[in-house]
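Working notes, beginning with the structure itself.
Labels for the chains are A, B, C and D, by order of writing; each one numbers its residues from 1.
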Amino acid sequence: MSETAPVGRRFVDVSELPMFAFGPRDPIWWGLWLLLAIESTMFVLLASSYFYLRGNESTWPPPGVHQAPLWLTALTVVALLLSVIPTWWAFRAAIQFRLRPIQIGFLLGTLASAAACVTRAYELATIGYNWNSHAYGSIVWAIYFMHTFHLTSGTVENAVMTVLLFKGPVEKKLMPDIRLSCIYWWFVVVSWIPFWIVIMFDKS
Amino acid sequence: MRLVFDILVTLAMIASLTLYFRGVRSTKARVYEPIAFAAGWLTIFAALVGPMDTLSDVLFAVHMTQHELLMIVAAPLIVIGRPMIYGLWGLSPSARANVLAITRAPAVLKTWRAITGPVVVLIVHAIVLWAWHIPFAFEGALHNETIHAVQHLMFFVTAALFWWAIIQGRYGRLGYGVAVFFVFATAMHTSILGALLFFAHGRWYPSYHSMEDQQLAGLIMWIPSGLIFIVAGLALFAAWLGESERRAKASSFTTLLMLLLFCACANEYRGDRIAEARQLTGGEPERGKTAIQRYGCGTCHTIPGVPGAKATVGPPLDQIGVRTYLAGHLINTPANLMKWIRAPQSIDPKSAMPDMFVTERDGRDIAAYLYTLK
Amino acid sequence: MIDLELHVQLAETWRKPRGLWGWLTDNHHTTIGMNFIVTSFVFFLLGGIEAILMRTQLARPENHFVTNDFYNQLFTTHGSTMMFLFAVPMIEGLGIYIVPLMLGTRQMSFPRLNQFSYFSYLIGGLLLYAGFFLNFGPDAGWFSYVPLSGPEFAPGKRIDIWAQMITFTEIGSLGGAVSMIATIFKHRAPGMSLNRMPLFVWGELVTSFMIVFAMPAVMVASSMLASDRLIATQFFNKAEGGDVLLWQHLFWFFGHPEVYIIFIPGTTMMSTLVSAFTKRPVFGYVGMVLSLVATAFVGFGVWVHHMFATGLPELGLSFFTASSVLITIPTAFQVFSWIITIFHGKFIVRTPMLYVLGFLFIFVMGGLSGVMLASTPLDWQLHDTFFVVAHLHYVLIGGMLFPLIGALTYWFPKFTGKMMNETLGRWTFAFFFVGFNLTFFPMHNLGLHGMPRRVYTYLPTMGWNNLNMLSTVGAYVLGVGVLLFMANAVISLRSGAIAGDNPWGSFSLEWFTSSPPPPYNFLYLPTTRDRYEIWTMADDQPLVTGFRPDRREVLITKLMDAFPDHKIETPRPTIWPTLLAGATGIGVITAIFTPWGVPLGMLLAGIALTGWFWPKPPHHELLEEQP
Amino acid sequence: MTSSSYQDALHPAGPYANTIVGVWWFYLIVCTIVFVAVWIALFIAIRRARRRVEPDTLAPRAPRAMMLALAATTGLLLAMLVSSIAGARALSPQGKAVTREIQVTGHQWWWDIQYLDERSDHIAQTANELHVPVGERVRIILASSDVIHSFWVPNLHGKRDLIPGQKSIFVIQADKAGLYRAQCAEFCGLQHAKMAFIVIAEPKHDFEQWLATMRASAAQPKTADEQRGQQVFLSTSCGMCHAIKGTSAGSRVGPDLTHVGSRRTLGAAVIPNNRGNLSGWIADAGGVKPGVLMPPNPLDPDDLHALVAYLESLK
C-alpha cells in the first residue's frame, strides 16, 4: 500500500526508495559523529585542564604519586586493541549483509571489551592516590572516570548488540547500526591511548 | 653539521622545483597552481634556510613562526600546486612508468588510502604536533640537528597530508563541508596548545630563557595562526557552497523529475544500463568504479560518479558509452575500449595516456563502468 | 487515492496523543518545539520578574526592598535563567518547530532525542526554581567564579543546585543541537541544495554546531565544581595544586560562544523578516552565510577578553583586542546587507518590521559598545560596571529578543492560525522600545560614573540616584510591553483574524502548508528549485509522493543537492525518553546530596534506555533471511 | 570636585586614568559617527523603499557600496585598534620606577593595606584608607585572602583582580590632591556592594607625616574613660579579630585598629567615622552591613561608651 499520485499534477514518486542506507547517507551516522564530536571536545578539555594545571607545577606528578602497575594498564590497552579486530570483521560483514561473521565478531568483541572492563577495575583499585589528594589526583581521576564510563557503556552496548544479533530476527536496517556501534567502540579504544601514555609516562 | 643540512635542504628543494616545473611545462596546469607551488616553495626556503633558522635557536617566537610557516602557509600552498601530478609528469616516461608501477601496487595503494583518510590525518597531525612539544622532544630537536630535521619534516609532511586530504583528497569539493569542520578542529587544538604555552607559569623549554619569548610563541600559535585557519576554513566553506550550487544545477529540476518519474528506484535507476554494461564487457561496473579510483584515472579525467574525478588533463569520460570513436580513430567496441585502457601505446604510441599496467580483470571492470555512462 | 482520503489516513498515522499523557509521550517536532517555546517563555517571565525586583531595589539608594542575600539570588537566577533556560531553549524550540517546516519534511531526525532533551531541560529549570522558591537559590552569579562558589566560601547546597542545573540543561541543548544538525543535513525537500536553504536554517545550523563545541566546556567546568564541592576534589584549590583561573578559562570558553549561539539565530530571524517585509531576497546570500560561519569561528578564539582584569601577561593584550574586534566585520556585513535589501525592496510597515528597525537601533549600539569593551584600556575601566550590563543587554535583547518578538509575531499565524492584532502589536513595540532604552541607556552612564555591577545597593552620595530611578521606571515600561505582548497573544488566539496559509505572502516552505500545520505537516512533500521557494515556485512545481500512509515515513535526501536518497520510518509517541530524562534527573538531583546519586542515576537510566531500545516487531519486507 | 564625582571614570585625577579617558573620547566619537552613518543610510533606504509599490527587479548595484562600507569599517576599526594599543602601552607598569610599594589584600569585605618597608618595624598597617603622595608613582601589590576581589579606583586607573594564590602588580599615580572613593569590582559575596575604600592623595609632606604616625604604636589611653575602654577592648572578644599595635591584641582576622580614630570611614567606607556610627557599628555591625563577619557585641552601655572613647583616641 502506498500513496498514489492523483492525476493532473506532477509528482515525484519515491515509493521504491530503500528504507535504510549506510554511511553519511544515514542521519544516524551524523548523529553518531556529532556525539563523538561532543565527547572528543570533552576529552580535549580534560586534557587541556591537565596540561594547564601541569603548567603551574615544577614537579609533576606531585611527590608520592603511585600509578597502577604498568603491566596492568598495558593489559587494558592490549584488550582494547584486540577488540578492534573482531569488530572490524563485523564492520566489514555488515555492509555485505553476512550475519554469521557479524555475530562472531560481536561476540569476540564483547568478550575483549569485558576483559578490558575487568582489568580497568583492577587498575582503579591499585591507583596509589585519591581524587581528593591533590589537583593531579582530581584531574587524573576525572579522566579515568570519563573513560571508564564510556568503556562500560560501550561494553554494555556491545553485549546488547550481541544478544540482539543471536536472538534475531535481524532486520536489514540493523546493518548500518552495527557499523555505527563499531565506530563508537573504536572511539572508546582510540581515545584511551593518548591518555594512557600521558598518565603513565608524563613525569618531570 | 648545520652547513651540511643547509646544503642538503637546498639541493632537495632545487630538485623538487626543477621536477615540478618540468611537469608543469609538459602538461596543462591551471594558472594558480604553479604560482601557489612557487609561493609555498619560497616560504619553505625562507623558513629553513637563512636568518630565520639561525634566530630560531635563540628565540622561541621565531622558531614557532618557522613551524607555523611550514605547517599552515607552505604546506597548503604546496598542496594547492598539486606537486604529485606535476612531479610525475616531470619525470622521464620510463621513470614515470616505474614510479607508477610502484605506486599502483596494491599494498602501497592501501597504505596510502589508509593514511590519507581525513580523520586519520587529522589525528596524526594533532599527535605529531602535540608530541613534538613535549619538553624532552623539543629540547632534543634544539640540541641535535638530525632530530630537528626530523621534527621539521614530520611537521611539514603531516601538515601537507592534512591539507591534501581536505583540499585534494578523495572526497574533493564534496567533502569541503567536512573539511571546514576539520580545519576548525585543528584550529581549536592548536589554539589550545598555544594558549597553554601562553598561560604557563614556568618555561617549558630550558633552552629558551625568557618568559616573554615563550608567551609570544604561544600567541603566535594561537592568534595569527588561528586567523589563517579561519581564512582557510571560510575559503573551503565558500567552495563547498559553490559546489552545492553546481551540483544542484547539474541535477537540475528536470533531471530530477525525469529520473524519479521514469525510474523505479533512485539507487538503481541505472539498473538496466548496468545489466547492459555487464553483458557487453563481462565486467562488474561497481568494481570498475573502485578500480578507476585505484588507478588514479581521476587525476586526468572527469568521470561522473567517481568521487574526486574532476580533472581536465585528458578528455572527460561522460557519455563514453554512446561515443562512436575512441582515441580519435578507434571504433568504440568493448574489446577496443579494454585494449585502450590496458595498453594505450599499442594503439597510439604518441598518446599521453600512461600505460598503467591494468590487469585483465580490472580492464574489464573499468570498461563495464564506463559503459554505464550514457 | 484522492487528497481527502490521504488526509484521513495520514492524520490517523501522525495523530498527536492528547492530554497529560500526550504531553509526556508525543515527540512530533511541532509539539516538542511548542513545549520548548512555551516553557522558555515562562522562564523568561520569571527572569523578567526577577529583573523588576532588582530594579525596584536599586530605584533608590540604601533601599530595603530586598535583602542583600536575596538580591544575590535574584541576579544569579536572573542571569542563569535568561542564558540557560530562556535564550538557548527558545532558539532551539523555535528551530525545532519552524526548521522542519522550512525544509519541507514531516518530522525531525531523532524525535525521541528531542523529547528527552525537552524533559531534561524542564527538570533542570524546575530544579533551579525549586531552590529559588525555597530560598536556597544559587547566589554566586551566573558565572559562579571559584572560590566564591567553592566548598569553602559557599557552604550549603545552593551552588550544587546551580551546577547540576547547568549539566542538565546542557544535556538538553546538546541533544537538541544534534538532532537539528542531522535534520538540516538530511531532511531537506528535494531540490533544496545547501545553497538554497533559508538563512534562518543556516542560523540554526551554525548555532547548533557552536553548541556542540561550546557546551561541553561548561559541562566539564560545572562537573569539576560539583565534584570539588561534593567529593572534595581539588581542581580549583590553589593549596593542592588547583587553579582558580582554570574555572574562568573553561567557563568563558563556553561563555563567549554562548553569546553568538544566542544572537546568530537572531540575525537570521532579521534576514527572514527583512525579506518577508521588503518582498526581496536578502542581498549577498553567500556573504551572509559566510558571515555566520566567520562569527562562529572567531567566537571560539576570543574568550580571554572576559579576563582582561585578571592580570594576563601584557604581551597578549593587543592580540586579544585585535581578534575580538574581528567579529565586527561579519556583523557589519550583515547590517549593511539588510540596509541594501531595504533600499531595493518595498517597505511594508507591519509589527515585525518595527522590530527590525528596533534591532538596527539597539544592536548596532550594543555592537559599538562591544568594540569599546574589546579595547583593554577601556575594559579595565568599564569591566564589571553597569556599562557592561548596558552593553550585554543591548547586544542580547537587541540581538535576540527584538528579532524574537518580531519573529514570534511573524510566525504566530503559523502556530495558531490567527493573526496577531496589529494595533496592539505596535503599542507593544512602543513600550518595548521606549522601555528598553529607558532602562538600559542610563546604565552606560552609571558605569562610566563608577557604579559596579552586582551591588544590591549604593550610597546616596554617589550621584547615581536619578539615573537609577530612570532605569527602574524604564524596567516597568518594558514590563508593560511584555504584558501587552502576552495580552495580544491571548486576545488574538481567541478572536484574531483567520490567517490562512500564507498571510504575509512570505517565501519559505513553512507557509506552504495550512496554519497551523496538520500533524503530518505536508499532505504531499514540496520540492523547490530556488531560494525563496514560494516566490519562485513554478505553477506546476512537482510534489513528492510514494510514502506509506500507514507508517510515519520520512524522506531522506542527499547532503549537498538534496536529491532523494532513501526513506526512514520515524518512531511513534513513546514514554521512554521522558522516563530517561526523569531517571537522569533523579540521579543528578540525588547527587547533590550524596555521590551515590551518580550510580543510582546510571542504573535508572539503564532501565529507561532498555525500554527505549527494546526491539520493535520487525517489518517483514526488511527481514534478512536467517541462515 | 563635587561630592558625586569622587568615584568616577570620567574625572581622571592622574596620568593613567587620563590615558583611558583619552581613548574613551576617541572611541565615543568614532562610534557615534558610525551609528549616525548607519541610520542615515537606513533612512535613505526606507525613504526610497516607501515610495515604491513593487520591489526592484533589477540586480542590486550594491556590491560597490558594500565594499566601501566594509572598507570604512575596517579602517575605523584599525584606527581604534591603534589608539587602544597605544593606550595599553602607556598604561604598562613595566619598567617604571616607583617611590613606594603598598600591599593591598582583599578580605570579605574590607581591604587590608600595608606600606612595605625594608625594615619590618617600619611597615605601617591600616585598613580601607589608602594614602598616596601626589605626583608620585606608587606600586600596588595585590593579593586576596579568600575569594576574588577587584581593586578599582576609577579616578586613577582601571581595575585589577585580586586573585587568591597569586600576586599581581599595579601602578597608580594621582596628580591632583583630593579624596577618591574606590570600590570592589568583582562580585565577592554578600557584601560586595559595601566593600569600598577611600584613596587620599595628599602632598608629599603631609603624606610622610601621616605615614610616620601610622608606623607608631597606638596612643596610650589618657582619660579614665579611655583606660576603661582599653580594658573593655582587651577583655572582651575584640582582640580575637583585631590588632592594636602596642597592646596585647594582635589578631589579623579583622582590620588593624591601631589608628582607627584617624580614619574617615567605618566598615570599608560605608559610614563616616563618628561617635554615633562607631557605637552603632560596634553594637551591631550587621545592621549597617548585613552579612558582615563582625558579630554583634551586646556590651554594657558604659563599656560601649568607654570603648568608643578609647577607639576615638587612637589617632
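By our rule, a residue touches a chain if its C-beta (ideal position, glycine included) is under 8 Å from a C-beta of that chain, and two chains touch if they have at least 3 such contacts.
These figures come from a predicted structure and were not determined experimentally.
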Higher-contact pair (C-beta pairs counted), A-C versus A-B: A-C
Cα-centroid distance, chain A relative to chain C, in whole angstrom: 31
Chain centre separation (chain A, chain B; CA means) in Å: 30
Mean-CA-position distance for chain D and chain A (Å): 53
Centre distance in Å when chain C and chain D are each reduced to the mean of their C-alpha atoms: 38
Junction residues of chain B, two or more chains touched: 188, 199, 256-257, 260, 266-267
Multi-chain contact residues (two or more partners), chain A: 10-14, 16-18, 52, 56
Junction residues of chain D, two or more chains touched: none
Contacting chain pairs - touch in the sense defined above: A-B, A-C, B-C, C-D
Interfacial residue positions of chain C with respect to chain B in the complex: 190-191, 193-196, 213, 245, 249, 286, 289-290, 293-294, 297-298, 300-301, 304, 313, 315-316, 319-320, 322-323, 326, 527, 529, 542, 559-566
Contact footprint of chain A on chain C as seen in their complex: 1-3, 6, 109-110, 113, 174, 177-179, 181-183, 185-187, 190, 212-213, 215-217, 219-220, 223-224, 227-228, 231-235, 237, 240-243, 246, 249-250, 253, 524, 527, 540-550, 555-556, 558-559, 564-569, 606, 613, 615, 618-619, 622-624, 626-627
Complex contacts: residues of chain D adjacent to chain C: 2-5, 7-10, 17, 19-20, 23-24, 27-28, 31, 34-35, 38-39, 41-42, 44-46, 48-50, 52-56, 58, 60, 62-63, 65-66, 69-70, 73-74, 77, 80-81, 83-85, 87-88, 91-92, 94, 108, 146-148, 150, 152, 154, 157-161, 163-166, 168-169, 181, 183-194, 270, 290-291
Touching residues (chain side chain A, partner chain C) in the complex: 1-6, 9-21, 24-28, 30-31, 34-35, 37-38, 41-42, 45-46, 49, 52-53, 56-57, 62, 97, 99-100, 131-139, 141-142, 156, 160, 164, 168-173
Partner chain B, residues of chain A touching it in the complex: 10-14, 16-18, 44, 48, 51-52, 55-56, 58, 190, 194, 204
